[in-house]
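For reference, chains read A, B, C and D in written order, and residue numbers begin at 1 within each chain.
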Amino acid sequence: MIEICQFGAGRIGKVHAANIAAHPSARLRYVVDVDNAAAAALAESHGAEVTDADSALADPDVSAIVIASSTDTHVGLIEAGARAGKAIFCEKPIHLDLRRVDACLSVLRECNVSLFVGFNRRFDPSFAELQAAVQEGRIGRVEMVSITSRDPAPPPIDYVRVSGGLFRDMMIHDFDMARWLLGEEPVEVFATGSCLVDPAIGAAGDIDTALVTLKTGSGALCQIGNSRRAVYGYDQRIEVLGAEGMLRAENRLPTSVEQATADGIRTDPPLHFFLERYEEAYKRELSSFIDAVSGGKMFSPDGADGRAAQALAEAALASLESGKPVAV
Amino acid sequence: MIEICQFGAGRIGKVHAANIAAHPSARLRYVVDVDNAAAAALAESHGAEVTDADSALADPDVSAIVIASSTDTHVGLIEAGARAGKAIFCEKPIHLDLRRVDACLSVLRECNVSLFVGFNRRFDPSFAELQAAVQEGRIGRVEMVSITSRDPAPPPIDYVRVSGGLFRDMMIHDFDMARWLLGEEPVEVFATGSCLVDPAIGAAGDIDTALVTLKTGSGALCQIGNSRRAVYGYDQRIEVLGAEGMLRAENRLPTSVEQATADGIRTDPPLHFFLERYEEAYKRELSSFIDAVSGGKMFSPDGADGRAAQALAEAALASLESGKPVAV
Amino acid sequence: MIEICQFGAGRIGKVHAANIAAHPSARLRYVVDVDNAAAAALAESHGAEVTDADSALADPDVSAIVIASSTDTHVGLIEAGARAGKAIFCEKPIHLDLRRVDACLSVLRECNVSLFVGFNRRFDPSFAELQAAVQEGRIGRVEMVSITSRDPAPPPIDYVRVSGGLFRDMMIHDFDMARWLLGEEPVEVFATGSCLVDPAIGAAGDIDTALVTLKTGSGALCQIGNSRRAVYGYDQRIEVLGAEGMLRAENRLPTSVEQATADGIRTDPPLHFFLERYEEAYKRELSSFIDAVSGGKMFSPDGADGRAAQALAEAALASLESGKPVAV
Amino acid sequence: MIEICQFGAGRIGKVHAANIAAHPSARLRYVVDVDNAAAAALAESHGAEVTDADSALADPDVSAIVIASSTDTHVGLIEAGARAGKAIFCEKPIHLDLRRVDACLSVLRECNVSLFVGFNRRFDPSFAELQAAVQEGRIGRVEMVSITSRDPAPPPIDYVRVSGGLFRDMMIHDFDMARWLLGEEPVEVFATGSCLVDPAIGAAGDIDTALVTLKTGSGALCQIGNSRRAVYGYDQRIEVLGAEGMLRAENRLPTSVEQATADGIRTDPPLHFFLERYEEAYKRELSSFIDAVSGGKMFSPDGADGRAAQALAEAALASLESGKPVAV
C-alpha cells in the first residue's frame, strides 16, 4: 500500500484525490493546501489528514507525493520531495522558465528521484490505443501527424495573464502528443497565431488561435491547431498518416443517441471539457504512477518529457515573435 | 446493340428510358404510352419513336421490352411480349392476383421466354455488397435478418385504394430482400399492423404501419418493419446477423457535411425518396437486364422471384386478417 | 447517510457494493453471502462487516437492503426486508413464478414498503437520453419501437437450465424497455424462436434466437430481437419511430479510433458485455435508489414494473408454445 | 442549345464530353485532339465530329469551348478562343508560368471574353454545401480552415517531372478551396515539405508530402496538408472553425455497409480517386459552365481565381525554397 500526500485541493486536486482513494494499492494520507478549508474538506471525504508540506515530507510512511497546486509552487515542492526521497507526480508545467526547469531536473538527478509529469492525454483510452497501433507498425512509418485541440471557451483573463501564454499553457499538451506520436524529436518549429476570440486576450499579450508546424530530422511533418473557443465543446482529435495507412481518434460523445427529423440527424456535441473528456485518462494516469511506484518501474512521461514539450513551446513563442521558423 | 421498346412514360419510365439511352449496348427504339404527349416528349429526348404496342412487338429489330406502365397492363404486355419472343423487363408486381400471375408465368414457360422482375433494391450498391458478403460466408450461417423500410410520406389516397394494400405494394420489395438474404424460403409468416399515420388509409381498408415476422425451414428469423411515414426521409436499412458476424447497410446521406454547434452535431437527413436513393440501383438494374439479354444469361430476379415475393405478401395479408401466423 | 446491507457478493454484487461505497450519501454496512469468504473479501474492501440476514435486518441503523444474491433467494429476502421496514433494491427477476411474485408484492403492500427492481438499462446514459427525448415529445407520438439485444456468447448450459428460459432471463430487460418507451401497455404478444447457436440449449428446452412482436391498445408496434450470440460483442440498440421523427441509440465503442488501410476503415467492436456497457448505468441505478431512499421519493422502476415485464415474458413463452399471438 | 467544341480526348476529356452530351441545353459538336484515333472514338460515342482547332473556332455555331488538353496547349487555345469570341472552360492550370498567365488574362480582357477555370472541387456536393453554410453565416466568422488532400498513390515519375511540382499541380486545388472558404485573400504563406513516399520524386526535384500555413489580413488561419500517397484511398476532407460552430465534410464511401466481427467493425475505404469522388462534381461543374453561358451569367471560378490560386502555389514554392514565410 502506497501512502500518498497530495498538494492542492482545487479542481484537478479533487480528481487526483478521488483516484488515489479508489486505487486498491494506494492510500491518500495527507492533503496540503494554502486554503485550509478546501484541504480539510477534501481530506475528510477520503479519510485523509490535513498537514503542511514539511510534516508530510518528513513522514517516512509517505512514499509518494502528487503535486496539483498552483504552478509557482511546483519546483519548490518537487525539489523538497526529491530531497525527502519521495516518488513525485507533478502537473505540467514544471516551471514556466525553462532554466528553472533545468535546475529542478538537476536536483532530481542528484537525489536520484524520478518525476512523473501529468500529461494526462497519453492515458486517454482512444489516444493510447492510437499510439499503441502506431508503435505496433499498423500504419507503417509515420509521415504526418495532425492534432486538433480546442477549448470550449477561453479561460478568465486573469488566468490568461499568468498562464505563460497559449503555447506554454495549452499547446504544451499537444507538443507532448506530437513527440509521443512522431517517435522522434522535431528539429524545426513554425508558429503563427491570431487573437480572434477575445480582444482582451490580445491586450494581455497573448493569442487565442494558433497553428504550429513541426518537422523532424527524418522529414516527418506535424501540424497542431489550437483555439480557445469551440462553441460545440471540447474538441480533441488526433490523426496520423503513415506509409501503410491512417489512424485517427475522433471526439467522444456523451451518448450514442441520434435524432432524425426533417431538419437532419442530430447527435450530441462532444464531452464538454477536460474533466469530462479525460475522466478515464486521469484515472489511468494516477494508476500508472501508483503502479510504477509500487513496481519500481520507470515513469513515463517523465521530467525529460516535461522539459522537451516545454522547449517546443518556447520555440513556438520565438517563432511567433520573429515570424520565422525556429530550429530546436 | 439491343433495340428496346419501353411501355410507360411516367416517373419511373423516364428513369428507365434515360438508363437505356445511356447504355453503350442498348438503344431506346420506341416509347408507348396511353398519354401520347408524354410518350412523344420522352421519345424525343432520347431519339426514339412513339408507336403502339402491336407495331412495336411486330418489329423484329426490337429484341427486348421494358414495361413501366400501370400495374393493370403488366400481364397483357408480358404475355404479348412473350408471344412475340421478346426479352421482358417488368416492374413489380406482375399482377395483384396471384392466380393471374401464375397464368402469366405459364404463358412465359410455353413461349420459353424469360421475365426480369424490377426488384431494384437488389442493385443498390450497398445492399448488393451486403448480399455478396453474406453469400461469400463472411458472417457465417444467416440467423436473423432485419429490414427497415419507411417511406417519407404516404402516397395519395387514390393510389392507396388501387395499390393492393401495404403488403402487396410496399412490403413486397422487402419480402424479395428477405428471400434474397435468407437464402432459403420462409415457411411461416406473422403480420401485424395499424393505421397510425392517416385515418383515410384505414378508411380505405389498408394499414400504414406494419411488422412482419418470417421463419424459414431451418429456423432463421426475419423481421420487416414498414411505415408509410418517416418525416426524416426515405429510410431503407438492412441488417443480417450470422453465426460469425453482422452486416448492415445504413441509409445514404446526400452529403458528408457535419455541422457542430452548441446544439449538437447535425448531418443531412437520408436521401429523400426512391428516385434519389435508388438512382444508381435503377441504372445497374437496367444494365443487368441489357447485359443478360446481350449475353444470353439467366435473369435474376426472374418471374419466379416476383411470384414468391407476392406469395409472401398474400400470406402476410392472410395473417393480418386472421390474427394468426400463416404457413407458406 | 443511508446504511445498507447487501445480499450477494458475486459478480454483480461487487458492482453494487463498489457503487454504494463510492456514493456520498450511502455506506455499505454489511455483506451477506452463503460463501463466507466472498462476503468477507467484499466487506473488507469497502470497510463493511460480514453478517447474516437476521442480524442485518434486525439492525435499526440499516435502512436499506440491496439484493444481488441468487434468484431463488429474492422473494424470501424481499419479504423479510419488507417486514423489517427496509427500503429494498432487488435484482430482476423477483421470482420465476408469477404467482409467487404476486404474493411477494402483496407482502410489500401490507408492509407499505417499496421495491426498486434492478432494470439497469433504464439508467444507461444513451437509453435514458432517448427515453427523455421521447417523453418530451421530440419525435411526436410513438409508432414503432425496435429493440436489438444480443449477448456476445451464450451462458454456461447449467445456467441456461435454471434461468427460466430466454424470455424470463434475457428478454425481460427488453420487455421493460419496451413498456418504458411505448408509454402504454402491450395488449398482444407474438413470439417465435429457434435454437441456432448451440444444440445443447435446445436440448435443455430453451431457444437462443428469438423475435417478439408487441402491439399496444392504441396500435403502436414493437419488435424485440434477441440472440445468445453476437461474436462482435454485446449488441444493445434501441430505435423509436414517432410521428415527427426517429430516435435511436447505437452501441458504445471502447475508443474512437479509426484505422484506415487498403482493406477499409476499422473501428472497435462494441463494449464486450454488460459489466462494461452498463458500468455507468449500474452507478446511476444505485444512485437513483439511494437518492430516492434519502429523499423519500417513489422508486422507478418498481415492483409493478418488475411484475409487468415478467408477465410479458410469460405471454411470450405461451405464444412460443402455442404458435399463436397471446393477449395480455 | 449551346454547341461546344472540346479540346482533349483523354481521361478527363471523356468525363467532360459525356457531361456535355448528357446536358439538355448543350451539344458536343466537335472533338479536337492530337491523337486522332482518340478524338474519333470520343466524337463517335457522342455523335460529334472530329476537326482541328482552326475549323472549330471558325464555326459560328460553336459558342463555347472546353479545354481539357495538355497543360502546354492551354494558353494558346484560350487566346485563340478569346479572339474567336467563344465562351471558354479550361482545366487548371492556365499556365505554369504566372507571367504567361497574366498575359493570357490580358488577352481575355481585351477580347472581353470570360474564362471558367476547372476547379472541380467547388462543385462537389459536400464541399458546396459546406461553403454555402459558411456563407449563410451558420458558424459565424471564419477563424480556421483545415484542408486534407491526399492522393491514393503518386503519379508516374514522368508526370511528376513536367507537373510543375506538388504546389502547382496538386495543392493548387486546395489553395482555391482555401480562398473560397476563407472569403478573403491570404497575405502570408509558409510551406514545408519532405520526400517520404518515393525517392524518385525527390530526385526529380519535387516533394511528396507537404504542410502549408496561410494567414489572411484579418488573422484567419488555414492549414493544408498534402500527400502523394494514402493507401486507403483518395482522402479529401475540409473543416472550417467559426466563431459559432464548426463545419466539416468527410470522405464519401462507396457503400454504407458495415461488417461487425470479432475483429471490429469494418466499413469501405473512401472512393478511390478523383474520377470516382468527383464524378458528381464534374457533372455539376460543366452544368454550371453551360448554364452561365446560356444565361449570360458571370463565371465562377473565373480566370482571376485561377491566377490567385496559382500565385499562392508560387508563394508556397518560394517559402519552401527560402525556408521562411512569404508575403503575398
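Quick note on the criterion: a contact is a pair of C-beta atoms (placed from the backbone, for glycine too) under 8 Å apart; a residue touches a chain by one contact, two chains touch by 3 or more.
Since the structure is predicted, the reported quantities are computational estimates derived from the model, not experimental observations.
Farthest from chain B in terms of Cα centroid separation is A. Looking at which of B-C and B-D shares more C-beta pairs in contact, the answer is the pair B-C. Centre-to-centre spacing of chain A and chain B amounts to 57 Å, using the average Cα coordinate of each chain. As a whole-number value, the distance joining the C-alpha centres of chain B and chain D reads 39 Å. Residues of chain A in contact with two or more other chains: 230-232, 244-246, 260-262, 268.
Chain A meets chain B in the complex at residues 230-233, 253, 260-270. Touching chain A in their complex are the following residues of chain D: 141, 143-144, 146, 148, 150, 188, 190, 192-197, 209-211, 213, 215, 219-221, 223, 225, 227, 229-232, 235, 241, 243-246, 323-325. By the touch criterion given at the top, residues 22, 24, 45, 125-126, 129-130, 133, 138-139, 244-252, 254-262, 268 of chain D touch chain B in their complex.
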